[in-house]
Amino acid sequence: MEPLDLIHQPASDPLAENEPCSALGHHCGVAGLFSPDPLNVPERLFYMLFSLQHRGQESCGVAWEEDGRHRGYKDLGMVAPVLGRFLREERRSRLGIGHVRYSTAGGGGLQNAQPIVVDCNKGRLALAHNGNLSNGGRLRKELTAAGSIFQGTADSELVLHLISRSREGTREDFLREALAPLEGAYSLVLMHEGALVAIRDPSGFRPLYVGEKGGATYVASETCALHAVGPMPFREIAPGEVLIVDRAGSRSFFLEPRLPRRACVFELIYFARPDSEVFGESVHGARVRLGEMLAELDEAAGLRADVVVPVPDSGNIAAIGYARRAGLPFDFGLARSHYAGRSFIMPTKDQRELAARLKLHAVPEVVAGKRVVMIDDSLVRGTTSRIIVGLLREAGAKEVHLRLAAPELKWPCYYGIDIPSRDELISNRLDAAGIAREVGADSARFLPVDRLLSGLGHSQGYCSACFDGNHPFRPDVGEKEGQ
Amino acid sequence: MEPLDLIHQPASDPLAENEPCSALGHHCGVAGLFSPDPLNVPERLFYMLFSLQHRGQESCGVAWEEDGRHRGYKDLGMVAPVLGRFLREERRSRLGIGHVRYSTAGGGGLQNAQPIVVDCNKGRLALAHNGNLSNGGRLRKELTAAGSIFQGTADSELVLHLISRSREGTREDFLREALAPLEGAYSLVLMHEGALVAIRDPSGFRPLYVGEKGGATYVASETCALHAVGPMPFREIAPGEVLIVDRAGSRSFFLEPRLPRRACVFELIYFARPDSEVFGESVHGARVRLGEMLAELDEAAGLRADVVVPVPDSGNIAAIGYARRAGLPFDFGLARSHYAGRSFIMPTKDQRELAARLKLHAVPEVVAGKRVVMIDDSLVRGTTSRIIVGLLREAGAKEVHLRLAAPELKWPCYYGIDIPSRDELISNRLDAAGIAREVGADSARFLPVDRLLSGLGHSQGYCSACFDGNHPFRPDVGEKEGQ
Amino acid sequence: MEPLDLIHQPASDPLAENEPCSALGHHCGVAGLFSPDPLNVPERLFYMLFSLQHRGQESCGVAWEEDGRHRGYKDLGMVAPVLGRFLREERRSRLGIGHVRYSTAGGGGLQNAQPIVVDCNKGRLALAHNGNLSNGGRLRKELTAAGSIFQGTADSELVLHLISRSREGTREDFLREALAPLEGAYSLVLMHEGALVAIRDPSGFRPLYVGEKGGATYVASETCALHAVGPMPFREIAPGEVLIVDRAGSRSFFLEPRLPRRACVFELIYFARPDSEVFGESVHGARVRLGEMLAELDEAAGLRADVVVPVPDSGNIAAIGYARRAGLPFDFGLARSHYAGRSFIMPTKDQRELAARLKLHAVPEVVAGKRVVMIDDSLVRGTTSRIIVGLLREAGAKEVHLRLAAPELKWPCYYGIDIPSRDELISNRLDAAGIAREVGADSARFLPVDRLLSGLGHSQGYCSACFDGNHPFRPDVGEKEGQ
Amino acid sequence: MEPLDLIHQPASDPLAENEPCSALGHHCGVAGLFSPDPLNVPERLFYMLFSLQHRGQESCGVAWEEDGRHRGYKDLGMVAPVLGRFLREERRSRLGIGHVRYSTAGGGGLQNAQPIVVDCNKGRLALAHNGNLSNGGRLRKELTAAGSIFQGTADSELVLHLISRSREGTREDFLREALAPLEGAYSLVLMHEGALVAIRDPSGFRPLYVGEKGGATYVASETCALHAVGPMPFREIAPGEVLIVDRAGSRSFFLEPRLPRRACVFELIYFARPDSEVFGESVHGARVRLGEMLAELDEAAGLRADVVVPVPDSGNIAAIGYARRAGLPFDFGLARSHYAGRSFIMPTKDQRELAARLKLHAVPEVVAGKRVVMIDDSLVRGTTSRIIVGLLREAGAKEVHLRLAAPELKWPCYYGIDIPSRDELISNRLDAAGIAREVGADSARFLPVDRLLSGLGHSQGYCSACFDGNHPFRPDVGEKEGQ
């Protein structure tokens, strides 16, 4: 059976927004809150989702309880235009959840936007999901055979069908039954009959945090979304933990089996926001350490340079670490336009060259006559790097050394990150020397996987499958669909 | 369990469009086509749905088969802005269906827009529905108890769940099983694994027609949608008929039990487009006869008048019949602005008075010093009539006699028409004399139900429940939801 | 010196609106008001301009006095979307003017939108203009030579420069001096230092009316715009009259020389709204008479027919007159879609054929087997008529006789009406018999010019140059620009 | 005579865009090009204006020669949405100019958008202007008295009237005559009868550069706009220079009197883009030096700190200079959201607090337990600084020392910069110690004016009137209107 492909034209062109420069697809973000005293819940969710916008720009939505009913609103587009209305409406509620969604070009569309709000025999349910199930295809086939109907193409509907099909009566029992067959990544936030439920898969692929402020409980993918509401104490929701919050208070149970932690290392390298904590680590701190490790390798290799220039803003923090460890000046040799997010259609190849100049500029004052170490967070296809190196040379750089604060990206991810096909990944075609030649740099260097893992806080517990192909779960044949 | 209420802001404000003057809600319209030779199916559906726009302005959508997959597109808004893109895209396909949807103010939203496109164990399915199930609430409860999940509030999802839950293997068998429990109105168009399926409920509440042109088969709620593609021979799909068209050709079977026909008389009075045939009748011809009947009643009562003036455009055709039978001049004593569809927010009562003047104008040349017979198709709340009578008087009319080419509207409809609550219907508060007083007319007259039914082609086979309360099916308690 | 061509993309696509079917360009409309007691002037202007929308759909605007300053707002687009904001804003003012503008495809643009609001040595001035100056080109050259700057291409800037360059000190003197050199059509409304000034050219080409209600004075191109504010006594502003209204009251003076009246007969045939009075005539009444005259000609010629069908809505009223005089039934054999104003891009010829079906439908019930007299107001290129005749034949009409309630259109207009080039006008290529053949009708007939003029109230005082080439003023070489 | 105030609702809300954080109004930017071989001139202007977007976000426009005519397009809004169409249209031209405009809240509107395209006795003229004339009010009064009409409120129309009124015959002569009476700032770009004319006022207040590439000549406010077309040799257009480029080549003449240079020092501190050169200085380099000077002052004062944190992005470069000179680590202790440009309406004070958190985040990893030097470019009202200091303290900063890489802002600018009224400027209310108290910092320090001027390349030739009140030209009474 072929996947559906419901297409939909967004109300506001999602391309017409600020975009980070990188070619790697973000996945999704989730948020939720429960307050014993009624609050303007959709407004609070707006603030949280706005702070998670970097995790998904295709669609967003909120669902909340109001006057004993579930209400919801979602659309293609970014948080500010789609959900901005909730800053101007006063709605009293105790409970709500929200979602921002990234999607691959082909599989997007409004039918996959979340939260999904349904009626079923367990009552009123709403769900928001970050992650991807590696056995989603098989489960979908089984459920369909048993009479379930799927309106979208995303894994998240699966969870609702499994809950609805469970014969168990209590919330803990039917959740245990429904979640047992799932393999892969799922950080879930649910509304169910007056309760907020937050679930993190036993491998802990994706982050999930909980905090408290003024008697209310807030759940979000990253701590930056908690800060958006205000300063509050927080903790990581543990791998396999199911946290339930309602008027009776808050309690947790744990899913079996308790698997080894497999936190996605790419969250630290690239996805998460620098002011967040994920997996118990400061994202900023981790990125500084990645830059330091790179500098140590270059020092050992005897590289001589004059200035460290980050690719803004993705390479900023690693460049701080590199410059500090190498004892070299850090400087803004590349400037990003404040207005370049506003995209425009570029029909010809010529125009694409010109467009690149509009987004990024080299600063002659910083790089002319210098040996430049140019730092970025990771390398996907290498096309942008080639243009940037060209800008630096045009502005007079004497040497350009490309440094990536991550290992070579070579493998697909089955747990929620949208990585281009193996053919497109430059590191599957070329080694570092070949890459340097292709992008026009004097040299190129990556961070080896073992160095990356040992350099982070724990040497264990990370999934680095996209770098080393060591996948914790193998998908069913033909599976790959990002959440 | 409370109904969900997923709200959604439309891409284009549906209010900012042409609106017919009446206060009665239209319901929905469906269309479909199968062609053995590939055509630009979405483009053809555009023409058909555009011609059915009067049946629903809230949302619209199409689904079609392309490269062996089901594709779809739907949004809140009118056909031209939402589906206009398909006039500019070349898509080759053999099969497609479409829908225009009207919805009550509260129950609208994108989650109820159609076609619904799903994957299930019967394969790829897409459905568009016109009508309303009077036992929808009970069926929904039963299906939910058995594990089905509902994402929207409309009846149409029910049909898909019943199909998916059937254990029958052949298309005819599972359709028979799935449709058997349905009570009420359903004109359905489905795509199923390469076949177009058109279904009309055994009571035949809503119209459904099929035509052929150039080897292709076209299905639509009204014949005007067939004409939009070009002149073609057509026939009514019979009550209880299930028509299947695919590469093997076209064949029908019939649902049991064969109930007496209950065609909605309001389709002839108000809903259908005058150039359409529905229920085997010319809509224009039926409306002329309604006007003639009114004139006969007035003649018997000895009314003396000078000119017959329709409320444009809803009273136009009945006024032709009235003037012809009464031997009085027909004239355009009221003119409608060509630009008044574009609505504007009117916050104050003062402005509402002024706004009425923008939409409709009385022509002194026609009515000054005259005894005016003012014809409209039906009377709901009476508020607009009061304003129009005032305009005529202000332009110098000596007498104004309000004539309605329909009986008194008094009861709810459970089969797909959105009628205001009984309290709001003026005919539940006042008799004709009282209505004349309230709207400022010298007299008022309705067409009696028995006269209406005997005056139409068949004296039997019409549902006139909204006038006489004689409902063929009673709903479950609390049921009322329009399609 | 080539004309400028400043292009501008409208905020709202003016094509995406209701459009009358005809191919003749409307010109412009003006409105103004003065009230000794402050009113919400922009709101009142909204109502007046909305009622003048048929006179111009390209752009619209208002200017008013507020707190001793001139304020203004204008944009490309229709009255409701562009000026709708003024229904929601409370602004107190004594004085304001407004404008709706039609423009030819090439010469449009926001730089020509009105009112024009300026500072000059006569103080604060704002102007709105309906008409066209036949000596505009020469005056522009003279003014430019003397140092004047033109930002737009329309004649209206001329009037402001002439006012500014006058050495006369009093308002009456500088207006007399500034207006003296003008030839052609100008109905002007000005705000000048607290006064409303309404001016009609000595030939009286374009209509201009004044009315009083509640102490306030309202000026507008047609009486329908006065009715939009409420019932009020009104009178025609005379050819050559300059009416000044301010806190000191209202007084008039007259421009010299007093030329013979040359009222545009096309206002009665086509432009003005049927519920208006223009040139002292009821527009509805005049159109009924045109239809009667046509019927008399056909009677004399012995035409036999079964039904009179108007092309909606342009032929509606003449068809009433024709049917009445001919003793034939009037019926709606053609129906216009209520939703077809919403235009869509039609790239291929095939689609254009299909699009015509979306806008207009023939009703078989009315025309099948009948000899049809099809009435329209005028014939320009003949392309639409060919399609409509085809629709009638397809619906079964036995004969189709095309009747036009106007003479053959053959000449350009230099006074504000946008008529296609002589080559495009079908009556310059073919006689009535040839036209009947080209559009597929059994016969065609126009109203002769002398019959038209003698049949109207006065046999004198109309400009019929577009029919007979008898132009009151000849333009400078190369002049033609509509207002 | 009161100034006009034509209001206009922009097609796209200019607020719904990325905004730099500062409260100081940018002014305008100009661009132009002449090429002997036809190019897609509007496309090239798009690239140049996009790179000047930081100089004005209210409106933008282009004008160009095409087929011997002047064509133009302008609207309220940003370059990408308003002018993006020119990336998709192929237009061949030799000559064009463009403009981006900033405007104060009150005086904006489409009637002031540029280029202004006119017909006059010198032929076809189009003009774009950056700057402000300090004697604009007096000149306007004189010209009005002489019969000139003003449609907008900006100074730029003045220049066109002066050109039109000149009796001189040659371009050089009438330009000399027209420009002679102007006082204040004007960098002008004109199209005149096939020639590109670039003019910089004798004081050289605003920058203006010219470059050549592929035979074509490009003119722009900053060199970054030249780079946007590609690398090319360039030079500063000298104060008082009038550069003319046409098919005969390029030549210059100079305006009298030759005044001392008064280059606006705020261009270096804040307005110009860091990768630009203006006034012969690298903007990046100048800002690094400003930071170094601050560090020297702090060193002399014995300040002890742990980390240097810029307010992103306005303080970035000065912070590099400070950290380098002070020997302290530079780090990103404040992060800016990539999505916060998209603004939203914040009706309540509570929400304003929350909104600030959405735009800027403090990074605990960087600042917790640290003595932080927080660097920004300048201080206007101080409200944002108070919030930022609060975020740093909340994230654990032990001390916060506010450092501004500019002197105290105290005076108005009459030459094109929009500075809030003197009352609003915090430095007119408080000294550094008072400011530190008000924003919650441990200390505050500005750069003294003499240090600023001596520290820049030349110690002479800058206008620093906004800091020291030493205005080169005094305006006429009541004058202040930004370009």
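The chains carry the letters A, B, C and D, assigned in the order they are written, with residues numbered from 1 in each.
One rule holds for everything that comes next: contacts are C-beta pairs under 8 Å (C-beta built on N, C-alpha and C of every residue); 3 or more make two chains touch, one makes a residue touch a chain.
Here the structure is a predicted model, which means the values were calculated and not measured.
**Q** Which of these, C-D, B-C or A-B, makes the same contacts as A-D in over half of the contact pairs?
**A** Over half of the A-D contact pairs recur in B-C.
**Q** Give, as an integer number of Å, the spacing between the C-alpha centres of chain B and chain A.
**A** Roughly 47 Å, centre to centre.
**Q** Measuring centre to centre with CA averages, how many angstrom lie between chain A and chain C?
**A** 59
**Q** Quick check: how many Å separate the C-alpha centres of chain B and chain C?
**A** 37
**Q** Going by the contact rule already set, what residues in chain B reach two or more other chains?
**A** Within chain B, no residue contacts more than one other chain.
**Q** Check the chains against each other and report every pair that touches.
**A** So, checking each combination of chains, I get A-B, A-D, B-C, C-D as the touching pairs.
**Q** Name, in rising order, each residue of chain B that touches chain C in their complex.
**A** Residues 16-18, 20, 43, 47, 50-51, 53-54, 78-81, 84, 87-88, 224, 227-231, 273-275, 282, 284-285, 288, 313, 316-317, 320, 324, 329-332, 335, 337-339, 341-347, 351, 354, 357-358, 361-366, 394 of chain B touch chain C in their complex.
**Q** Of all residues in chain B, which touch chain A in the complex?
**A** These residues of chain B touch chain A: 1-9, 11, 68-75, 85, 110-111, 116-121, 123-124, 140, 144-151, 160-161, 164-165.
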